[in-house]
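Consider the two complexes below, in which chain A is the common component and chain B and chain C are the respective partners.
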Partner chain A sequence: MEHSAIVELIRTTVTGILGHGRFEMREDLTALDVEGWDSLTHMSIISALEAAFNIKFKLREINKLRNMGSLIELIESKLA
Partner chain B sequence: MVFLSPEFIGFFLAVFLLYWTVGAGSSVRQNMILLLASVLFYGWLDLQFLALILFSAAANMAIGVAIGSAGAERVQRAWLWAGVGLNLGILAYFKYFNFFHDPIVDVLNFADGSHSRPGVELVLPLGISYYTFQLTGYLIDVFNGVVPACRQPLPFFTYVLYFPKLLAGTIERIQRFLPRIATARRFDPALISDAFRQVLWGAFAKLVIADNCARLADPIFNDAGSQGGSTLLAGAMLYLLQVYGDFSGYSNMAIGLSKMLGVPLMANFRAPLFATDVGDFWRRWHISLTTWMMDYVFIPLNFLFRGLGKLGLAMAIFITFLAVGIWHGANWTFVLFGVLQGIYFLPLAVKGSVLRPAGMKKGIGPDVKRFLAMGGIFLLMSLTFILMRVPSTGAAFAFWSGLLDRSLFEMPVLQGNPLALLLAFFIGVGWFGRSREHALAAPARPRPLLLRWGWLSFILFLVGMYSATVESPFIYFSF
Partner chain C sequence: MIRAGMDDLSTVLAESLRRHSARNAIRIGSVFHTYKELGEAVDQVRIHVRHATGDQVIGLMAHDHLLTYAAILALWAEGRAYLPLAPGSPIARNEEVLEQAGVRTVLSCCDDPGLRGATLVRIDGELPSMEMPVQHFPGTTPAYLLYTSGSTGKPKGVPISRAAVSAFVVAFDALGLDLGPDDRCLQMFELTFDLSVMSYLVPFLKGACVYTIPRNEIKYTYIHELLEDQQLTIALMVPSILNFLRPYFDEIQCPSLRANLFCGEALPLDLVDEWQASVPNARILNVYGPTEHTIFCTSLEYRRQGGNKAINGILAIGKPMEGTTVAIIDGEGNAVPNGIPGELYLAGAQATAGYWNDPGRNRESFVRIPNLPQDVRYYRTGDRCVQDEDGDLLFQGRVDHQVKVQGFRVELAEVEHHAKGLLSRRNMVVVAVRNASGNTELVLVTEGAEANDRELVRGLKDILPGYMVPSRVLHMATLPLNANGKIDRPAVAAWAGNSVE
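This part shows the complex of A and B:
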């Protein structure tokens, strides 16, 4: 899967859970910057991303996520 | 030897002087003084279990290094489980042995009647619930790559044994604590002055509020069967205020004493009496425990059940609160406490507002809606916290059913002086200081010197004047 296609699928998945697309897909974007992305919706987003990309995350991988860049990198490493 | 005894004050004064003279300018010397003082402190209070806490610290440090150095995840995981098993095993042995042992003996007796109960209560090592959780959290963090394994014994042992937080928390995280003792602490008069205010407010909460509430609540609980409904309700409310004064008082004293040594600890209470829903209450009450439970119990469970949607969330919340209840001790009352808190949370889980902070509005007074919500939460928590006070679930149900009576609408019968004015003062000062670290913290715009000294002297006067004559031990030392 192309980098740009991965970024786009993450964007649509997150938009689907939050119900809005008011965020920019920057590498340094963190959950705190996005309205409604809190500890509660975080797990729904993780679950939705697993379904969208057909992958499984581990808790320690989730714990290490720092920003959008590290999320994209993690998904790319799972798809590689 | 607790914080307010002459022995402790003498001990602390000696440590304080040594720390800021001999220790000044060197983190190693300061940490050695802290560690030696902590060993002395623990040995003084609980010599028989000093070896246990030293063993726990050493074993966890070694296991942390083993997790950090293992290459394969499988090996790391095995070490993690060994460490968690060791910590929870020790805790379970001391805290829950009789809870599980007695029913088993009862079942065996039902079969042939030849087994006897042990007849001895195991003594709980001081602070074990607190330091075990710190160590367990540390191992999980090393495994998750959140912190590197600590390979230096001096800071690690200082973290585990540090005496201001040793007996009843705060349950500190290593990643917050170690940086605070990594470099030499400088004597900061502003921090020390704030520390004195915090200790003073803690002493007021404990000696004036908690101990006086206990004086009124104790006779009600000791003879609950013959009390009218309104008296029982007053007893429940007084007991919640007692627990709050006791534990927030202890926490403010612990945090203040630690600040005097230049080591700020995390906050443990943030004006929980003004919470407007159950989630809000638990974000303000015993914060070092609830955030620990959030990170190491709730989030892993929420992750595990993530495919189940709101049901998964509800299950994660429920199990987390069951753990909070059982953490308090081996009694069905604590299990019921956890179950009830879990049930209170379910509507929030369904609504989806469980983790969203309610925020604390500025202003002189709350609006009517918020005021009613605060009253409702205070009432709900008063009626639930009696589970920490009554000896059995049967006694709790008797207490609750005693409320459902016409006598609920009569004047309550309280033995001794009503504390109304002191309680109003305590709640009022708490309200105006609700967005600060503690109620006596200096406001952003400093007040004139005379006003400040007058204010603090007045509170000191209240402590001297209205401290209960019968001192009761800190409630949370027994958890």
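This part shows the complex of A and C:
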């Protein structure tokens, strides 16, 4: 999968869970910057991403996510 | 150590701080603070408190900071009570609580926006030190005042006395978990939730170390890391944490954990059955209790070999802890024998003196039972329970979550139990909503992706009488939780109601 396609699928997946697309896909974007992306929606977003990309995250990998950049990187490593 | 009705809270805390001065008391972020540092911070805050006000109850902005915990101990040392306020709560909500409580002073260690009607007092400034003697206060003196959501929509204040806190500590000790200076204990709760009191107080009394969770971290993943990487030994959690971690149980292994307590929500037996392998050396306790009866007051030990008691898949809540008396009361207000379900009433040394400034609510909630000794005042929990022949209590749901559909009684917990069996691992609730024609309808709300609704309803029709089968299934991306981390049923019901209209 192309980098740009991965980024786009993350964007649409997150938008689907949060019910809005009011965020920018910057590498340094964190959950705190996004309305409604909290402790509770986080797990739903993770599950939705697993389904969308047909991958499975490890709990430790989820713990290490710090921003959008690390999320994209993690998904790319899973797809590689 | 606190002995029943003997020692004052501040005296034993001061002794523990002194005796364990070289040990770590608390980890905030990734920084450890020793008992010596905690003790110095307590003395510092005591001076601030003395300068600020003579009031009995004082607000406390619950930031992730050593000074926040020091402030609690400082207020107790000065014979005052704390009213915790969450920095993340809407300002209007905090102001409402302060106004209702009649609290005019709020302590804080950080920059906070102003609160109408209250003076913010910074406690992070250095002041010239003073001699800080240990003082004794009557057991009736409040230790903390918590606000819980009220069924009427107005939050209700629950004051808990020093004597009630001491009674809890005595009852906790009697569980035999034997906490000591080598224990590392999880503190996952907002200070506005009374489970936090056990999570910091018991370790502080024993010289153990408290591990907190930074506000901006994802709670359940952070707990996992603390459990494994910091090798925690004692953890009190809400069951919803396990729901979140459930897809990853096979990646979690915490051999250091020796006691794992659950409280605050019904604990599904199948969830514990799956979880126990991740905490192979832990005693697992399901504890229960309302804020009004100081933290928790009944306890059941989970048996790894099986044979655990449950109703509707919910693990029993066990027997009253030391000092607590229970009664099961029927619709006429009389105590019923074992085996007959009714509302759970509680009495004993852990009981609150009554809601803060609310005599009307107190008359309703604190009562004497006609066929029981008249010198005992009971608190009505609103929880529907049955006590079996062994004296174990089984929780059957809220008395006020019983609904009627076409005149039939329906326990929502029972419908949920069966739906859960069909949905495997999905978070869900059943709520009652009023449809356009004014009748009550049951709506099943699941969390996350599309379920096969038709199959689910067909499956339920196979198990339940028609009136118990939800008339529709709706999906929410995430089921909303309230401030205490429990599924916010009123919010789900309101959302479902709008969707049905």
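Here, the second predicted complex is superposed on the first by the 80 of 80 C-alpha atoms of A that agree within 3 Å, B and C clash if a C-alpha of one lies under 4 Å from a C-alpha of the other, contacts with A are read in each partner's own complex, and residues count from 1 in each chain.
The rule is short, and it goes like this: a residue touches a chain if its C-beta (ideal position, glycine included) is under 8 Å from a C-beta of that chain, and two chains touch if they have at least 3 such contacts.
If you're wondering where the values come from, they're calculated on a predicted model, not measured in any experiment.
J.: For A:M43 in the superposed arrangement: first (chain B), second (chain C), both or neither?
T.: Both chain B and chain C are touched by A:M43.
J.: Please determine whether it is chain B or chain C that touches the greater number of chain A residues.
T.: Touched residues of chain A are more numerous for C.
J.: Does chain B (first) or chain C (second) touch A:R66, or do both, or does neither?
T.: After superposing on A, A:R66 lies clear of both chain B and chain C.
J.: For A:R26, select first, second, both or neither according to whether it touches chain B, chain C, the two together, or no partner.
T.: Neither chain B nor chain C is touched by A:R26.
J.: Contacts for A:I17 in the overlay, against chain B (first) and chain C (second): which applies, first, second, both or neither?
T.: After superposing on A, A:I17 lies in contact with chain C but is clear of chain B.
J.: What part of chain A is shared between its chain B contacts and its chain C contacts?
T.: 39-40, 43-44, 47, 59-60, 62-63
J.: Can you list the chain C residues touching chain A in their complex?
T.: Against chain A, chain C makes touches at 216, 218-222, 224-225, 244-245, 247-248, 251-252, 447-449, 477-478, 480-481.
J.: Would you mind writing out the residues of chain A in touch with chain C in their complex?
T.: Contacts found on chain A: 16-19, 32, 39-44, 47-48, 51, 58-60, 62-63.
J.: Which residues, counting only chain A, touch chain B once they are in their complex?
T.: 38-40, 43-44, 46-47, 59-60, 62-64
J.: Show which residues of chain B lie in contact with chain A when the two form their complex.
T.: 143-146, 299-300, 302-303, 306-307, 309, 313, 352, 354-356
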